[in-house]
Amino acid sequence: MVPIPYYLALGGIIFLIGAVGVLTRRNIMIILMSIELMLNAVNLTLIAFSRAHGNLTGQVFAIFVIAVAAAEAAVGLALIISINRRRATLNVDEINLLKW
Amino acid sequence: MTNALGFSVLSITAYVPIVGAILIMFLFSRQRPLAIKWFAFGVSLISLFFSLFMIPYFEPSNVQMQFVERAEWIPSIGVQYFFGIDGISLPLIILTTLLSSVAVLCSFSNIGERQKEYYVSLLILETGMLGVFMALDVFLFYVFWEVMLVPMYFLIGIWGGQRKLYAAIKFFLYTLFGSVFILLGFLALYFLNANPAYGSGEFTFNLLELYRMAPRLPENFQFWIFLALFVGFAIKVPLFPLHTWLPDAHVEAPTAGSVILAGVLLKMGTYGFVRFSLPLLPKASFNLVPFISLLAIIGIIYGALVAMAQKDIKKLVAYSSVSHLGFVMLGIFALNSQGLLGALLQNLNHGLSTGALFLIVGILYERRHTRMIADYGGLSSVMPVFTVVFAIAMFSSIGLPGLNGFVGEFLILLGVFQTSTVYAAFAVTGIVLGAGYMLWLFQRMMFGPVTHEENRNLRDMNRREVAYMLPILVLMFWIGIYPKPYLEIMEPSVKNLIQHVELARGTPESLSAQASEALRQHQYLTTEWSR
Amino acid sequence: MEWPFFLIFAVGMIASSVMVISLRNMVHSALSLLLSFFFVAALYVMLGAEFLAAIQILIYAGAIMMLYVFVIMLVNVREQMGVRQWNRQRAFAFIIGGLLAAEFLVILLTGFFDLLPPARVVAEGAKATAEIGNTEAFGSVLYTQFLFPFEVVSLLLLAAMIGAIVLAKREIK
Amino acid sequence: MPLVLAFPALGVLVNGFLGRYIGRKAHWPAIISTGLSLGLSLFFLYQAVFRGLSGEVRLFEWIAAPSFLAEVAFLLDPLSAVMLFVVTGVGFVIHVYSAGYMRGDPGYSRYFAYLNLFMFSMLLLILANNYLLMFVGWEGVGLCSYLLIGFWYHKKSAADAGKKAFIMNRIGDASFLLGLFLIFQTFGTLNYAGVFSQAGAAVPGSAIAGAATAITLLLFVGAVGKSAQLPLYTWLPDAMEGPTPVSALIHAATMVTAGVYMVARSNALYLLSPVSMSVVALVGALTAIFAASIALVQNDIKKVLAYSTVSQLGYMFLALGVGAFGAGIFHLMTHAFFKGLLFLGAGSVIHALHSDPEEGRRQDLRYMGGLRRHLPLTAITFYVGALAIAGIPPFAGFFSKDEILAETFKGGHYFLYALGIITAFMTAFYMFRLIYLAFYGKPRGDPHVVSHVHESPAVMTVPLVILAVLALVGGWVGIPQMNLFHDYLAPVFPDGGHAGIQLVAASAGSESGGFGALELWLAVFSVAVGVSGWMLARHMYRKRPDLPAKVADRFRGVYRLLLNKYWVDEIYHAVFVRPSMRLAHLCSSIDTKGVDGAVNGASWGTVGLSKLSGIFDLKTVDGAVNGIAVILINSARGLRRLQTGVVQNYALVMLLGIFITVSLFLLLG
Amino acid sequence: MPLKLPDINLFAIMPEIAMTVLVCLVLLVDLFVPQRRKALLGLLTLFGVVVTGLLTLPLIGMEADLFSDMYRVDSFAIFFKFIFLAITALTVLISMRYLSIEEIHLGEYYALVLFSVIGMMVMAGGSDLLTIYIGLELLSIPIYMLVGFMKRDLLSQEGGIKYFLLGAFSSGIILYGIALAYGITGTTNLAAMHAAFGETTGPNILLTLSVIMIVAGFAFKIALVPFHMWAPDAYQGAPTSITAFMSVGTKAAAFAGLLRIFAVAFEGIADQWAILLWLLAVFSMTWGNIAAMVQSNLKRLLAYSSVAHAGYVMMGLVVGSEIGMASVLLYLAVYIFMNMGAFTMVILLCRQNFRGDRVEDFRGLARAHPLAGIGFVIFFLSLAGIPPTAGFVGKFYLFSAAIESGYIWLALIGVLNSVLSVYYYFKIVANMYMAEPAGKVDISTSVPLRLALGLMVAGVLLIGVYPDPLISAAKASVAPFFQGASAIALVP
């Protein structure tokens, strides 16, 4: 079977891809999706570890992560809708009234 | 460790002003400034009364702390509410209450706006200062030490001169910068004392307990802690080159503020050295004598030179303080009884003479609204009483025999001379320079023809002004002619302190059997302090 | 036998992830994300977490992605495609991301082996999964051992719901 | 004994506080108090002379520090008794004189308050039984001198002179103070009794003897300041800005002799140090001739007298330096009489010329002349004074001056003797020059002024007469054969004032106080010198009034050198005053720009850095609390710029933070 | 398979239950309260908070592991529960009038605040990384929404979205760290993790990565440099009452979680990451204070100041000794009063169409309203750490902890920073007292606001003058973590 560290490495890579997405894309929707990618990477890591240790904690944790992700997505999207009403932009670097 | 009076006379003295301040804050309408003024004055007089009330009950020969009040305050970290005084602090307390009363009285006419806040600040300030001189718990001391900054900040910042904001924040930051080092030093002592290798193994901020650690504390610890305390106290003194806050603060502060600053606040620095640095860190104190003496001498000469070049009266007086406090520091670090005694007396003297000089400047400023020397001249023919008062204050400041300044300076120099002839020789030049700038100032302002038409009709001092100058002048003569009562109050404590320092500077092993026995028997070290 | 599948899924996962963050059209990004969810689910299966794989498809792909698509429908996709997609710090971010990835790989590939020898990991893992890798066990743990967080999460979802409604609903004058 | 002091003190209080109400009658409390003191002094003198009494009175402990005690206590011995007599005597006379001279001055009561304060301080100085109390009096007389010189403070020159006197005195005082410390360190006490008994017991070469040199030199610097010797003499001529009676009392008769008194009092210490003795003698002799040479050409009547005083003080120090302490004190006494007389006479002249609108001309010899006719009494008494100072027997000055010169010669100090003799010649010359210029010849002043000249009132002339009598007979107590004065002082000066002779053992076997052929010839010689000086003056100013101008023209360089007093004042100004003011200004600017700005300066170094991080506001530098604040605020501006408002920048910073820490741990293991 | 239910002790989680009930009650009552009387909801919330407080009282002294070691009730958790309740009560008090002014007086506001508070409580009590994480999310998500609660206000919206994006990002980071920690130990239970660490030997880079990620996540919530950059923006954008709430609440809760993780799971091995915490502390203090010096918006200024304060508190964690931990608790408790007090001042100045959060707006305030001026001065004195205020006691205790363990340099940097902070605090004080007012200075006050201010001033002064009970409580709360370990004296 495939050793666990390779799953971990895959998780790490996906996590950083997501992070880079957050850092570089202007579109706020895509930033949100990148965060979802990061969470997925975490889940993958958790489940790999769960397998390695042979207990279910990791899997349960992953369920909770999914639930939290759902909640975050709901809140985030609500905020996006709210802001989109007033500013008609999805470009996050244009939202910069607050600075200095 | 006695309280000859059955009641908490120290606390009453210290807290009467702040209670008065709170009463003013809540009971007095700002529409009735006159009532506020007189009430504030009354409050300060009550405090003065209590401080004087202590004198007959004070036993000079008893070197232990007197009028002691002690209670647990924050037992979880070993903080006590611990008040007590000895011959070193008593004169300073009286000086404080006296100058506070004077400060209140001298503000009656020159503070026109926001009088309520003004007197509240002044009274809170008094409490802070008194607490500093009474506290025997280092935590408590630190609390008062800092508390006092705030009202002073407001006094300078609200009622000050043109650059008041700058001066106020500079004063605050500068002194706070110093005091945080003190805090670190105190904390280090606290934990070292808690370490059985050095101290009693107990967590306590009780100063007298900490004294007992002095002989056992290794030199390198002492050195670093001394430096920490040094920064804080030296800024307050102020010792060259940490003096630069002083001219700004003194010049911009209102008259009462300057009086208090020069008269009392600066004394806290020297008091700190005497009460904390010397007995707690005797080895470091001894080792650093050349360093501090050098700074003090530079301060004496430098302060005098800078004073000479000033065009602003207040600045001149401010720099003269730098010079005079250099003397005091030199006396303290002569580390012998005469020098220390002289330094403590000079503390008082400087408070009186410089306080008087600032009052004098204030009287003039109130009339002419200028502090430039060039704007005056020939005043002696216009204001004869004022001239006499000014002359006496000036001669007191330059240490003319028969006035108070001389006795202090003499004792200091006597003490210093025994430590080092060279220091004394340099310090003596300060006397010459002091006479120079003061006489020059006096001459430019008071002598010669009246140069400005506006000055021709200046009012002489009125009754109120005479009333607050009079006690100061009387004290100047008294201390100058018959200083014995003052010296008698201080001497036993001073001797005790010096003895402690002398004994505790050696390591216990290196001391002869006799000396180590003496050390064990020593007052500071033997008294049992139950926690 | 598992290696080919792992490689396929892994490469597919990485590819779809890269597509998520690099495509211009956010609808395409969303679809790529969906794709990556499927790959993840497949990897879950390989790791013996079948229940979670199902949840991944149902909740993530089914519910959460629907939310995204709804919102995408609310905004003007075409207009969004016309503007610059990458922000100014992208180069720097890529560099940092790359360096960090290198560090991660070093740590993840060596660190775990340091901790437990690979052989033991594989052996124990196989044994354990056989014992616990079923839905019933999962459910039983969730409702006993993890009862408290489970209840708290319900509060979390409630809060998110209320808040989302307050924020998203139009202002009533 | 304290009563002697108490009377003047009372006078001060009365005039100081009630002066406003007393007004024109202010002289009464002053004169009465001084008179009472005089009475007591005479009583003491009587006691001391005829009963040989002396004693100490302890009033109270003044400064009591650990292992240090200074008492307020008084010592009456022959030396202090005679000083007491001189001071109260001359003081009383001058008080009376002042009542006339100062009449109508707006500061009448203030004047008498100061004068009494001076009396108090001077008596304190004399009566003190320890050095510290002496120092108090020492400073006190300095203060009074300051106050009285600057009495007419509306005159800038007067105020300046006062300040100068005080500061120059302070320089001496500082040294005196150091001397005190050294005394205390060496002997453990400042009491005369303690110090002198230890000093007397010390053997030459011991540690005490070594310290004695340092002590005596330090004390001598103090005396130099107070008694206006080289190089600190310049204040005394300037002090003539004060009222003339003040010049007579303070700057001729009493205060300036305090240095002499102090050195004489410390004879036990000085005797331990040959070096100090020679220094004292040399400084004295040099000052004597130096000041006399200046006096030759001065035109201000008071300035001439002032330089004369400096010169005569030099004589006294010469005496002390050669070990003739008795002679020094003797000269001090006679000098007090005749110089007081001369000053008062000068005051009378000035008083007479009071109507001259130009103040400067009232004292200028060039505008006088022929006053003999208008001021007969003044002229006569002035003659007496001049004869006394010129050393013409039987006037007082002859005895004292001759004794000094004789002792110098006998001590083997031939060079010093030569200086003394030349000085004696000059003295006679300039004194009679003054007389001839002022009292003889034609009036050169404004005729209008001259017509108003009249003799002073009795209150002024009577003191003149009294002093003239004293200047005549005062020296008789010291007639060499009888030696009254020396015997009287013998208890104070261990060897009858001739200790100096011991120093030069080879000196011609003279016995102490003896008067042999040598002495006789020396006396004759010095009288001859005095008379020749007189005659020269007579020749130049009486017979050939055109001669002085020719001489001056002939020796123009020397003349200008002397007229400008060797430019000493200017040199001092350039060498000491101006540099110290410059230093002061330098320090001041350092203080505002430097020390405070040291941190400020550090901030300049960071200017580049600040520019990098954002804006650099020059205004902020000037206004900033200090340099650190500038640095901080500028870095704050820099940090502020990092807060771009773009959320992804923030995220990047976060990730960067993680990256850096992870790298840190990876690299450091 | 028989279902083995965990030990359920409802009594022990009474506070959480009560708060949940309260949320539901608020949401229900909201339906029946007309828009103009929404203040009733505030009163209801206040009442509920007080009741919860009373229900928490019997728990004092309790030490219990609940729900299969998922949750713990101990003095540490209870200390924090009281802190959170105090925060809630004060938040409600300062909100009531303010919400009306900003026209966002909705029942959901109170509900979200309460949700967040429950999250905080869960976090403080969580003895499992999972519980702590869920608590963290429950605490954060309502706050994201509350920050953006003023929907018509661009700044509020912007603050909300920024905070949310970064929050979600950091949530991913912290999760990744937790996942790694789980991978290393095979458990998420803190005590079990500690046991597992006992088996492994030597430092492990994977564990370090995990710790860095977890600390980074918490540092974000606490607002430590360099994870603080959201704070100024979010603080400025958020409704001021929420700024006050989050500035103290989030911080306290995150510290509670971090403290427990470090005190339980990493006990004994935390030293190897001391440098990490040290750097965080030092950078936070310095950066926060320096950046605050040039702020012209008071809320932003206070945001930076809160970054600095987070740095101070971090000192206690760096030290890690008993006094260190106790000082963290003490400081957080003290911090409530002074920091919320300072924000309350902004609320005081806020009027219709006037935010009143610029430093400029405070010119001459003290002259027009002396009492408000004094209050403000007291809060600022406390923030600056000048006695006799609570802030001094807190700082004193922190520095003493640092000195005790020999962290002289840290203490030095700390005290110097507190000197620095005086500059900007007193800049405002100078504005209030020493500057001429630009125009008429109005304040909008109400009974609850006054009550809150009175409570906070009293709190600051009382703790300042008599801190002993609080110090004892803080000490007692952390004592269980240090059983057996004795206090170390200054090591040469």
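For clarity, chains are labelled A, B, C, D and E in written order, and residue numbers in each chain start from 1.
The rule is short, and it goes like this: a contact is a pair of C-beta atoms (placed from the backbone, for glycine too) under 8 Å apart; a residue touches a chain by one contact, two chains touch by 3 or more.
If you're wondering where the values come from, they're calculated on a predicted model, not measured in any experiment.
*Asks:* Could you tell me which chains make contact with chain B and chain C both?
*Replies:* Under the touch definition, chain B and chain C have D, E as mutual neighbours.
*Asks:* With centres defined from CA atoms, tell me which chain sits nearest the overall protein centre.
*Replies:* B
*Asks:* When I count C-beta pairs in contact, which pair ends up with more: A-C or A-E?
*Replies:* The greater number of contacts lies at A-C.
*Asks:* Return the distance between the CA-based centres of chain C and chain E, expressed in whole Å.
*Replies:* Their C-alpha centroids are separated by 31 Å.
*Asks:* When the C-alpha atoms of chain A and chain B are each averaged to a single point, how far apart are the two points in Å?
*Replies:* 64
*Asks:* Find the geometric centre of each of chain B and chain D from their Cα atoms only, then give the gap between the two centres in Å, rounded to an integer.
*Replies:* Roughly 37 Å, centre to centre.
*Asks:* Centroid from C-alpha atoms only, then distance chain C to chain D, rounded to Å. What do you get?
*Replies:* 101
*Asks:* Counting only residues that touch at least two other chains, what does the list for chain A look like?
*Replies:* Expected reply: 8, 11, 15, 18-19, 22-24, 31-32, 48, 52-53, 55, 60, 64, 68, 71-72, 75, 78-80, 82, 92-93, 95-99.
*Asks:* Mind pulling the residue numbers of chain D that touch at least two other chains?
*Replies:* In chain D, 625, 640, 643, 645-649, 651-652, 655-656, 658, 662, 666 touch at least two other chains.
*Asks:* If you look at chain B, which of its residues touch at least two other chains?
*Replies:* Residues 169, 173 of chain B touch two or more partner chains.
*Asks:* Could you list each pair of chains that touch, in label order?
*Replies:* Result of the pairwise touch check is A-C, A-D, A-E, B-D, B-E, C-D, C-E, D-E.
*Asks:* Which bits of chain D are touching chain E when the two form their complex?
*Replies:* Touching chain E: residues 625, 629, 632-633, 635-637, 639-640, 642-643, 645, 647, 649-651, 653-654, 656-658, 661-662, 664-666, 669 of chain D.
*Asks:* Report the residues of chain E in contact with chain A in the complex, numbered from low to high.
*Replies:* Against chain A, chain E makes touches at 130, 133-134, 137, 141, 144-145, 148, 151-152, 154-155, 157-162, 164-165, 168-169, 171-172, 175-176, 178-180, 182-183, 186-188, 232-233, 236-237.
*Asks:* Looking at the complex, which residues from chain D come into contact with chain B?
*Replies:* Chain D residues touching chain B: 60-68, 132, 135-136, 138-140, 143, 146, 150, 153-156, 159-160, 162-163, 166-167, 170-171, 173-175, 177-178, 181-182, 184-185, 580-581, 583-585, 587-588, 591, 595-596, 598, 623, 625-626.
*Asks:* Which residues of chain D touch chain C in the complex?
*Replies:* Residues of chain D touching chain C: 646, 648-649, 652, 655-656, 658-659, 662-663, 666.
*Asks:* Flag every residue of chain B that touches chain E in the complex, lowest number first.
*Replies:* 73-77, 114, 117, 139, 142-144, 146-147, 149-150, 153-154, 157-158, 164-165, 168-169, 172-173, 176-177, 180-181, 183-184, 187-188, 190-192, 194-197, 218, 221
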